[in-house]
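Just below sit the structures, each encoded as C-alpha cells.
Below, subunit A partners subunit B and then partners subunit C, in two separate complexes.
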Partner chain A sequence: MLFFVLIGVVPFCAAFIYALLYSFGMVGVLNTGFTLAFWKSVFASGEVLGSFGYSAVVAAISVLLSVSIAMWVALKFTRELNKRFLSFIIYLPLAIPGIVAAFFTFQLFSKAGFFSRIAYSFGWITKVRFFPDLVNDQLSIGIMLTFITVVMPFFVLLFLNVYKNERVEELSKLAFSLGANSSQVTWKVTIPIILRKTWTLIALYFIFLLGAYEVPLILGQESPQMLSVLIIRELNQYDLSKISEGYVVAVIYTIVVSLAAIALFSRKKMTLNEI
Partner chain B sequence: MFLEVKNIVKSFHNEAVVRDLNFSLDAHKTLSILGKSGCGKTTMLKIVAGLENADAGTISLGGKNIDNVKPGKRNVVYLYQEDLLFPHLNIFENIAFGLRIKKFPEKEIVEKVNAMVESLELNGQETKMPHQLSGGQRQRVSFGRAIITSPSLLLLDEPFGSLDAGTRQRMQEFFKSLTAKYQITSLFVTHDLKEAILMGDEIAFMQSGRLKVYKDKTDFINDPVTGVQNEIGFWENLIPGKVERETLRK
Partner chain C sequence: MKFSWKPFILTLLVVLIVFPFAYMVLLSMASEWRFPDVLPNYFGLRNWTQIFSSETGLISSFVLSIVISLSVAFTSTLSGFLISRSVSYHPRKRLFTLLTYFPYILAPVVFAACLSYFFLMTGLFGSATGVIVAQFMIAFPYALIFFSSFWNERIRQYEELTATLGGNRRQTFLKVLLPLAKGMLLICFFQTFLISWFEYGLTSIIGVGKVQTLTIKVFLFIKEANFYYGALSCCLLIFPPVLLLYINKRYVFNKLI
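Now for the complex of A and B:
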C-alpha cells in the first residue's frame, strides 16, 4: 500500500499541484503571483473547449467502431479465433506501438502513399491531388483508422474471453430452447452479457484515446487539435507567458478525466457492495 | 404416446455415442434416466431438444414429427446441470424471458411471473440479481423460467448435480410438486440411483449409448446392471451387528 502511494499517488499529486500553481501564476519564470488571467484567457479563446469536443468525438467514434467491429468479429468467428494461428495473428497488432501504427497509416493513406500510388497505377486517379484526404484531414479519418487498428484486436480478445468465461454459448442455446430466434439471442442475450462485463474497460479506453498523443500528432490537422497535442504545443511555446495557459489546459483535462475515472470506479464499487 | 423416440443413432468421430435409441412417454409423466458419466445421456437429451442432429432415427412429439423443427420452435426446453440464469437480468426478468421473447402482453407477463414467483416460494426476491441467490434458489428460478413458457417437454440434465445433499432433497420434492401442479412432461437424467427411483414415473437405464426402459421400478431394482442390488448389499454390510457376526463366523 505504502509502495503504491509512494510510486503512484505522491508523484501524481505533486505534478498536479505544480501544474495548478503554475496555472494560477504562483510558480514559473515570468509569473509574479496569484492571478486568474491565464484561466480567463484559456476560456475566452474557446480553443480548449473546441479541442475537448473534437477529442471526445474522435475518441467516441473510434471506440464505438472498434467495439462494434470487434463484437461482430468475435461472434462471427468465435470458433476460428480460438485456433492457435488466428489467435496469434490477433495478438500481433497489440505489440505495435501507437507511433509505429501512425507511421504505417501515413505511409499507406497519404497522398504520396501506397494506396495513392496503386490508385494512380490503375488509372483511378490522374493526379495525386485527386486522392482523398485520409491523413491530416478535416474528418480525422487517419486518426480514427489508426485508433481502430490498434484498439479493435484488444476488444476482440476481451470479448472472446468474456464469451467463454460467462458461458455465453450455453446461455444462447438455452435462449434458443426457450423460443428465441437468432436475432433475439444476439441482441437480448449475447451482446448485453458481453457489454455488461466489459463496459468499464470500454470507458477506460475512451479516456485513453481522449488523451492520446503520438497518433493525432502525426495524423491530425492544425486546428482543432486533440487535447494532448494542444497541451504540449502550449507548454513548448517560445512565449513563456503561454506556458501557464498550457498548464491550465492540463489541469482541466486532469480534473475531467479523474472525475470520469472516479465515477466509473465508484459505480463498480457500488455493484460489488450490492453483492 | 406423447413422446416417441425411434431408432436414434449418433456418432462423434466414428465413435457411437447413442445406439438405436427407442422409447416413448405419456403426457404429464416423468421418465428418469440413470446412467454413468459419458454413457450418452446428455447427447440423447440434446438430440431431443434439437441442439444436436441425430445421424438416423425419428422423434415425434404430440403426434408430430419434429426432426426438422428448429430448437426454438419445438417447445422443448433443455435445462443444463448448472442453473445458467442470465447474469444481466434480475430474477423477475429471468423468469419472464420466454414470455417476452414470445411477445406476450405486459399485463399477462406480470401476472404470470408473479404467480410463478409465488409457486417458486421466491417472494421478495424478484429484483435481485442471480448472483445474490443461493444455489437452490437459482435452480428454482431456472425451473420457473422453463415452466412458465408451458413447454411440451422439459429435459433436465442432472439438474441437482451441483447442490449439497440437503438442498438436493428439498429440490427433488419441490420439483415433484411443481411438475404435478403444471402437468409437465419431462425426461430427468441423473447419475444418482436414489434420485432416479424417486423422480420418475417411469425409469430407464443407459449404458454405452443404449437405453433400457423398465416395466416398473421393481423390475429396475431387480436388474443387477442398474447397481441397486450392489447398493442394498453395501448398506447391509454396514450394519454393525451383521458385520461382527460375520467376523466371528470367520
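Now for the complex of A and C:
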C-alpha cells in the first residue's frame, strides 16, 4: 500500500498543492506572499470561462457525433464487422495517435491541402484563398473532425463488444416476438441497453477531449483556445508575473476534472469491458 | 432482387480507414509537391534513404521512443499488477480506486506542467529518465485500474487453495497467478506501450525539447513546414502499433476468448 500511495497518490497531490500555492502567490519566482490578485485577474479577464465553454462545446459536439455515427455503424453492420478481414481492419484507427490525426487533417483540409488541390483541378476554386477555412478556423471544424476520426472507431468497437456481451441480439428477437416493430426494438431495447452500459466511458471521453492538447495545438486558433493549450501558453509566458495566472487555470481545471471523477466513479464500479 | 447499399458503405468505410495510412506513405515518399499539383512531381524512396544518412535524427528518435515505451510498459504493467492486488483486497478499495482515477483522468500535459518543479529539483528535467518517470505516472494508474477486475473471489480461492496444498507465496505468484493473468498482462503491456508511444504533451514539458521522441519530431517537422519528413515520422509512429495490434488480435485476443 505504501508503494500505491507513493506512486499513485503523492504525485497528483504534490502537483495540485504546488499549483494551488503558486496560484495564491505563496511559491514561485517574483511571488512575495499570499494574495488573491491572480484569481481575481483570471476571473476578471473572462478568458478562462470562455475557454471552458469553448472546450466543453467542442468536446460535447465531438462526442455526440462520434457516439451517434459509431452506434449507427455498429448496429447496421454488426455481422459484417465481426467477419475475419473487417474485424482486423476496424482496429487499425486505434494505431493513429492524436498528433498524427491532426497532421493528417491539416494535410487534407488546409488551404493548400489535398482537397483544395482537387477542388482546383475540377475548377471549383480558382485561387487558394477561395477554399473554405477548415483548419485553424473559427468554428473549430478541423478540431472536431479530428476528434471524431480518433474517437469514433473506438466507440464502434466498444458498442460491438457490448452488443455481443449483453446478448442484445437475443433480446431484440424476444422483443420482435412480443410484437415490437423494428423502430421500437432499436430505440427502446438496443440503444438504451448499449448506452446504459457505456455512458460512464462516454462521459470519460468527454473529459479526455476537454483536456486534449495536441489536436487543438495544431488545428486550433489563437482565441479562444482549448483549456490545455491555454494553460500551457500561460505557464510558458516570458512575463514571469503571469505564470501564477496559468496555475490558477490549472487548479480550476484540476478541481473540475476531479469532481467529475468523483461523480462518475464514487458509486459505480467500472468493469473491464468499460475500460 | 432487392438492392443492398451495405457493400458500398462497407467499402467506403474500409477506404476511409486505409486512406490515412496510404496517404502518409505517399507523402513520406513524395517531394516537390506544390499547390495545385494533385500528385507529387517526385515519388520514390529518397526521403526514406535519407533518414539513415542525414542528420534528421529520426532513427535515434525511433530507438529512443522504443526504449522509453518499453520501459514504461514493463514497469507500469508489473507494478500495476502487483500493487493492484493490495488495493483490490483492501477494505477501502473503493476510495483507493477513486484516488487512482485522478491522475488518469487529468490531461497529461497539465499534470506534467504542475509536476515540472519537482522534476527540476530532482534533476530529472530534460532527461530520458525524467520522461520515463513522468510517463510511468500516467501509465501506472491505467494498469492499476485495468488489473482491478482480475483480483476477484475466484482468484482469491485459487490462492487459498495453493496455500492449503503447501505452496508458498513465491510459488503461488509464479505458478498460479502469473499463468492465470498472462493474457491480461500482455494486453496491459500493449496498452501502456501505446500510452507512452503516443504521448506528446507530457514529453514536451518534461523533456523540454532535449528528449526527442517520435511525437516530438512530428511536431518539430510540422513547425518547420517539412511535411515530407513529418509524414515519414508519422509512418514510423503508426506502423509499429499496427504490427502490435495484429499480434495482439491474432495471438492474444483470440486465445483469451
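Quick note on the criterion: the second predicted complex is superposed on the first by the 265 of 275 C-alpha atoms of A that agree within 3 Å, B and C clash if a C-alpha of one lies under 4 Å from a C-alpha of the other, contacts with A are read in each partner's own complex, and residues count from 1 in each chain.
Operating definition for what follows: a residue touches a chain if its C-beta (ideal position, glycine included) is under 8 Å from a C-beta of that chain, and two chains touch if they have at least 3 such contacts.
Everything numeric here is computed off the predicted structure, so don't read it as measured data.
**Student:** Superpose on subunit A as described above, then tell me if subunit B and subunit C fit or clash.
**Tutor:** With subunit A aligned, subunit B clears subunit C, so fit.
**Student:** Which partner does A:228 reach: the first (subunit B), the second (subunit C), both, or neither?
**Tutor:** Touch partner of A:228: subunit C, not subunit B.
**Student:** With the C-alpha centre of subunit A at the apex, what angle separates the C-alpha centres of subunit B and subunit C, reported to the nearest 10°?
**Tutor:** In the superposed model, the angle at subunit A is 90 degrees.
**Student:** Spot which of subunit B and subunit C makes contact with more residues of subunit A, would you?
**Tutor:** Of subunit B and subunit C, more residues of subunit A lie in contact with C.
**Student:** Please indicate which partner A:46 is in contact with in the superposed arrangement: first for subunit B, second for subunit C, both, or neither.
**Tutor:** So A:46 meets neither subunit B nor subunit C here.
**Student:** Could you state the shortest Cα distance, in Å, between subunit B and subunit C after the structures are superposed?
**Tutor:** 17
**Student:** Enumerate the residues of subunit A that count as touching subunit B in its complex and touching subunit C in the other.
**Tutor:** Residues 275, which sit in both footprints.
**Student:** Where on subunit B does subunit A make contact in their complex?
**Tutor:** 49, 51, 70-73, 75-80, 84, 86-88, 97-98, 100-102, 129, 131-132, 145-146, 149
**Student:** Residue numbers of subunit A touching subunit B in their complex, please.
**Tutor:** Per the stated touch rule, the residues are 166-167, 170-171, 173-181, 184, 188-189, 192-193, 196, 274-275.
**Student:** Which stretch or stretches of subunit C touch subunit A in the complex?
**Tutor:** 6, 9-10, 13-14, 17-18, 20-21, 23-24, 27, 35-38, 79, 83, 86-87, 90, 94, 96-103, 105-111, 113-115, 117-118, 136-137, 140-141, 144-146, 148-149, 194, 197-198, 200-201, 205, 215, 218-219, 222, 227, 230-231, 234, 237-239, 241-242, 244-246, 249
**Student:** Which stretch or stretches of subunit A touch subunit C in the complex?
**Tutor:** Answer in residue numbers: 1, 3-4, 7-9, 11-12, 14-16, 18-19, 73, 76-77, 80, 86-101, 103-104, 106-108, 112, 114, 116-118, 120-121, 128, 153, 204, 207-208, 210-214, 218, 227-228, 231-232, 235, 246-247, 250, 253-254, 257-258, 260-262, 264-266, 269-272, 275.
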